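Shared chain: subunit A. Partners: subunit B in the first complex, subunit C in the second.
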Partner chain A sequence: MDLVLQLLFTGIGIGAVYALVALGIVLIFRATNVVNFAQGEFSMVAAYLMVVFAVDLGWPYWLSFLLALAGMALLGVIFNLGVYYPLRHRSFLPVIIATIGASILLANSVLAIYGPQPQVLPGWFDTPGIQLGPVYLDSQYLLIIAVTVALVFFNYWFFEKTMLGKKLQATSQDKEMASLLGISVSAMIMITFIYSAVLGGLAGVLVAPVLFVSIQMGSTIALKAFAATIIGGFGDVAGAIIGGLSLGIIETFGAAYISVPYKDAFAFLALVLLLIIRPQGIFGERVAEKA
Partner chain B sequence: MSAPSENMPIAVSVPRLKPLLLRHLPYFIGAAVAVALAATIQFDGYVHNILMQATTFAIAVFGLSVVLGLCGQINLAQAAFFGFGAYAVGIGTADYHISYWLCLVAGCLIALVAGAVLGMSTLRLGGHYLAMVTISFQQIITLVMINAIWLTHGPDGVSRIGRPDLFQSAQGYLAFCVAVLAIVGYTVWHLPDTRLGRAMRAVRDNELAAGVIGVDVFRTKVSAFALSAVLGGLAGGLFAGGFAYVSPDQFSFAESVVFLTMSLLGGVASPIGSAIGTGLLILIPEWLRFLKSIPGLYLAIYGLAVILIIRFMPDGIWGFFATAFDRWRAQTKAPPAAAALQLKPATVGGDIVLEVTGLSKYFGGLKAVDGVDIQVRRGGVHALIGPNGSGKTTTLNVLSGLYKATAGKILLDGTDITTMPPHQRTAAGLGRTFQNIRLFRSMTALENVEIGAERPGNTMIGQGGDAALTERAMEALTFVGLGSRANQLISSFSYGHQRLIEIARALAANPTLLLLDEPAAGLNSTEKLELHELLKRIAAQGLTILIIDHDMTLVSEAAQHITVLNFGRRIADGESMAVLRHPDVVSAYLGTE
Partner chain C sequence: MKPGLREDWMKLTRRDFAAGIAAGIAAPYILTSARAQGATIKIGMCAPVTGPAAESGGYAIKGAKLALDAVNKAGGVLGKQLELIVEDDQTTNPGIVLAFSKLAAQSDIVGFLGSIRSTQVHAMAPDVIKLGKPVMIGGTDPNLTHMGNQWLFRFRPNDSYSGRVIADYGVNTLAKKKWAVLHSTDAFGTAGGKALTSALEKLGAPAVLDQGYANQSQDFTPVVLAIKQSGADILGSYFTFENDLGIFARQLRQLGVNIPWVGSPSIVNITALKLAGPALYNTYGVADYAEDSSEGSKAFGKLYRDTVKVAPDNQSSWPYDAINVLAAAINKAGSTDAAKIREAILATKKFPGAEGEYNFDQNGDGLHGYNIVKNDKGNIVFDKHIEFND
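Right after this comes the complex of A and B.
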């Protein structure tokens, strides 16, 4: 029982990271109808920026953190202008192929610059964690969970209560109508890319102390996040969060009770099974196309 | 639109086509020369390895040209399928000493089954899912290759892989691979002109329309995906024999990306493009070997190349030249002459062609169509009218199978089609056009209509050979007055003419009942008059038409029978003039005082 609680905590912690990245994917999908296959690389790049600032240059943790996120905002701008924007009038296939290209470009550029050696990033807190009854609560996992919860509320407030959030929603639902109402669609899409890149970066910076900072971390996280979005029902914000958390839990228990080397396979098996049984996901996406 | 005189057969002498095999003789001679060269020239080991790699990779990339180029479905796990073939040959010959041929066949079969199962689980859902699931699949296979040490030897890989006795020498084996490449290349080259190939292109261009004109969309996609997987498996099997050693890193996601880049660079739509892309991406890295000293730089350039190709050269190197060539050829090649179109609608059932009873379609709480009855008499023109939002188009979509009926029953010529998917309804004799035109935009007018003519159960195309299809399609295009422009691409036709091509596509299938969804929408007054003439000529041949339109002049002149819907319910039904004077109809259109 103690082990179960401990695994549950770890599962939720790692699941929260998947949820953050999944949230970024869903936001871009809702704004552009395209899945960004480079979303995981945003996390990877942010983690490396963090290593450069906090470890290599020895700058204060909080400053490095802010700089890394600022760097991600810039990357979001470049990504939109270089990858999505020129292709915005084409069908989705060229765009996703371009984002896959971008993902490979980002991962291997970092590899070329920094080398294949995995890096270590210390956690935010000096205290490694606290013992609460039978469960050991790792401080970094606690931080991840707290940030995720805070972001879910922020997201709700931002999209439902602010004018900018409502404009973003209008853009994602009907671009032509939004532009006729005087909303600058390209500005809204730019904001979405910046926000998603920062979200992805945040996930990367938070999870870096738990995992090693490596080139592969981006694709590993991204694939889990994709699975999370599908499990939650594509395009659904709440679904992405719940999908991410459940994947984290499935994976942690699978690794503890079944097999460690195949840890990464459980997420995909869960995904394929779900696609066969309930293709519209837990929360359901409207699939039909209008004639 | 055109004068009726164009409906007459045009007297143009058509040169007799030489038999297919004779026309393709240059290809086979070229292939034979390539095989002979591979078998006789003494290459040094380095050059031999490059040729071996290029030959086997090209076969795998042909697979992508089928699934992505022809059918528009993405496959990011080609390296995994390549790996199935390679490991089947590797483990089979090295560990279990089974015959090479058996292993090669087994590898292809494993790839086929894996591809079909993967496709069946995701292809209903569309592109994003497919991309994610194939990436996931690729990752699982890599994990298995690394961790299932009892089977795959893990990261050490499999060495001392055997070759068939017949091709023991490196030279003989290379010649064998080149021969396989030639055969596969020929098949993939001609696939677009076969029934399956046309179906794939239709699915790529417009899935919805493909279903409605009789293509089994799902089966076509699964076939394309499975075919691509088999070619991957075959290529992998040949690769394993050629290099005698395989290890998991040769079949990773990065390799899948390399295959994708090769295919995009050369031109995804054609095997020639695939071959060009494969050759270039194997040779260029050899010339730029110094780049390999920095890990990652190499793949970073690949990633950048993918973005740039997609942006600036979406059809690849070959596509760029082929488009220019096609444009030139389309202008010079005159279409063959055509006889007058014969419509012989099937007459199995009784006097009523379409019997709809209690048809309902609810979207959540919204009753878009609510208990509607329609009886369409054989040989007449029946109109379905109603104000905006009255449920007309929803009714049509339920009739053609794009929406599932919530309740009710649809009988077409005595057959219950209520639960059939669109392509089966088409096979049962239903033809339709769309309000917002849905043609296959990358094809010529003739090709569009040919796919329509290919409807299963079409009695007017004999055995369904290519010549019969072309003839039937030409007849249909001539019937609507566009015969002389048959070989032009859809994009070069005006809106009104595109509408006519859609009608020709439906007519070529020789349907029992033709559904026209607002055919007059967006047409100018001259075009509307010509449309009216065309409808008369269609009706004169005894084809039953169910038409939806707003244009009251067209409807009242063309239709003998009218059904009126409002708020999803039938408010009037009967002979045209009587219905149009019906007080409920007048108030629905003009409002009440």
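Right after this comes the complex of A and C.
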């Protein structure tokens, strides 16, 4: 039982990281119908910004955190204007390819500026973790889980209870109708990109003390996050969270009870099985075309 | 002067004119070609300039360049200066195949430095046979020099030795018999894990856990819990990437596993020490490079520290030795002919290098022993050297 609890905690912790990145992917998909393959690089860039502010410059952690997220908001604006906006009237394929190109550009820009050395980023807390009975709770994972839970409630409130959230939803559902109702579609998409970049950055900053800061950190997480969005039901906010958590738990338990080397395979096996059994994902709605 | 003679001298036939023009056009090309072929002796190097091992790749290039400078200052090779041409292997197998093919296309490159990663050496090995020129390697999978490829020469002791040294030290010096063996599932890790478990069986202490893991894992909790459940009283490991080692080391300590740990060389390299910090304190490692193990190691250590301003490790020491041995072999061969260089490398005996004393066997292995070092609060302290004669 101790083993199960420990694995469950770790699975939820790593799953929460996937969920945070998946959330950003889903939000952009809802707003633009495009999968952003640079979402993982948002996490990586934010982690490096954190290293620059908190480690290299020695600024207070909370200030560095706010500055890193502000930097990500700016990156969201640049990304929207530079990658999505010029191609907004094209089909989804050129935009997806542009996001892949942007992800390569971001990774190599950081490599050129900061060098290839992996970096160490201290965690939020001086205490690395707490022993709760037989289970060790890593303080950074606790923080990641807490932030994910908070974001579930925040997203519900934001999208369901605020006018801005409703405008964003309206834009994602039908851009033409939203425009006819006086909603600035461009502004809504801009806000979505900013929010997604900040979410991706938040995931990066939170996970960096656990996985270290490296150029590859974003792409590794993004691949799992992408799988999480499909498991959860593409385009569904709650689905992204559940999908991410499920993925973390499946791979952790799969590694513990079946095979460690095939840990990554369990995540993608789950994905394939779900695509066969329920192609629309856990929360996805079945879409049928009229004859 | 007779008037007629001057006229004869100045008289230019159509044939002379044509020959002159042809010579004038061809001369720059001939000179350039001669200069390109003869000015330097070129050595190609595949190194990870980008990718997960880019940091250690930088150290490798610096190590090679230090040796190159020393050789050139001492008069070069066959009276010419050595020149190093580096191609990025991107820390991937396709990357190194591409890098090697780019270098191999330059016919004036006489020798090459391959990878420290066995999996990459396996990937490039078929092209090495096709090319038929000597390639110096740092990969420690024993198979690399035992699979009929006569052009691979190893500048680190292979894992059959590291496995035996880890097992010997743990069983006989630390007096531990219940082993957990953890290794990457790539070529290096699999071969290393196999060498260690085999050595443990011979010592009468078969592993209670033999656990593989995939590279670039984000979480090692299941592995740590498996070690805990196995009841092992000592851990032996073969990690390929420092990121993985750092994450594992932290989780191992956090989950309360404090058994002695003897690891492969990555456990004492600079990047791993930086990432894992105190989680690696009091661990042991087999190290092909240990600064205090010999006069050659000390001399390289001082040169590297003075020049690069970083503590030396095996990432930089083996390319340093590879360039020195290759240069000496070309001089000894008196030619850049590949077969003659090969013979000269295989004939290299008692060559003092940074990694130890090189005595090449007919398989192409230059070193036959390992050092045991301890992480003493972040400082790597030399303990002892164990040499094998078989």
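Odds and ends about this structure:
Throughout what follows, the second predicted complex is superposed on the first by the 277 of 291 C-alpha atoms of A that agree within 3 Å, B and C clash if a C-alpha of one lies under 4 Å from a C-alpha of the other, contacts with A are read in each partner's own complex, and residues count from 1 in each chain.
Convention: a residue touches a chain if its C-beta (ideal position, glycine included) is under 8 Å from a C-beta of that chain, and two chains touch if they have at least 3 such contacts.
Because the structure is predicted, anything quoted here is derived from the model rather than measured.
When both complexes are overlaid on subunit A, subunit B and subunit C end up clashing with each other.
In the superposition on chain A, no contact is made by A:144 with either subunit B or subunit C.
Residue contacts after overlaying the shared chain place A:214 against subunit C, while subunit B stays out of touching range. Set against each other, subunit B and subunit C differ in how many residues of subunit A they touch, and the higher count belongs to B. In the superposition on chain A, no contact is made by A:49 with either subunit B or subunit C. By the touch criterion defined above, A:22 reaches neither subunit B nor subunit C. When the two complexes are overlaid on their common chain A, residue A:116 makes contact with subunit B and with subunit C alike. Of the two partner chains placed by the overlay, subunit B and subunit C both lie in contact with A:264.
Once both structures are laid onto chain A, the subunit C stretch out of 114-122, 204-212 or 258-266 that overlaps subunit B is 114-122.
Common to the subunit B and subunit C contact sets on subunit A are residues 108, 111, 115-116, 261-262, 264.
Per the touch definition, subunit C reaches subunit A in the complex via residues 49-52, 54-55, 57-58, 185, 211-214, 216-219, 221-223, 225-226, 229, 242-243, 246-247, 250, 254-256, 271, 274-275, 277. Here subunit A touches subunit C in the complex through residues 3, 6-7, 10, 14, 108, 111, 115-118, 120, 128-129, 136, 138, 210-212, 214, 216, 220-221, 252, 255-256, 260-264, going by the rule given at the top. On the side of subunit A, the complex with subunit B involves touching residues 29, 35, 37, 82-83, 86-87, 90, 92-94, 96-98, 100-112, 115-116, 215, 219, 223, 226-227, 230, 234, 261-262, 264-265, 267-269, 271-272, 275-276, 279, 287-289, 291. For subunit B in complex with subunit A, the residues that touch the partner chain are 72, 74, 76, 121-122, 124-129, 131-133, 135-137, 139-140, 143-144, 146-147, 207-208, 253-254, 257, 260, 264, 294-300, 302-307, 310-311, 314, 393, 396-397, 400, 402-403, 434.
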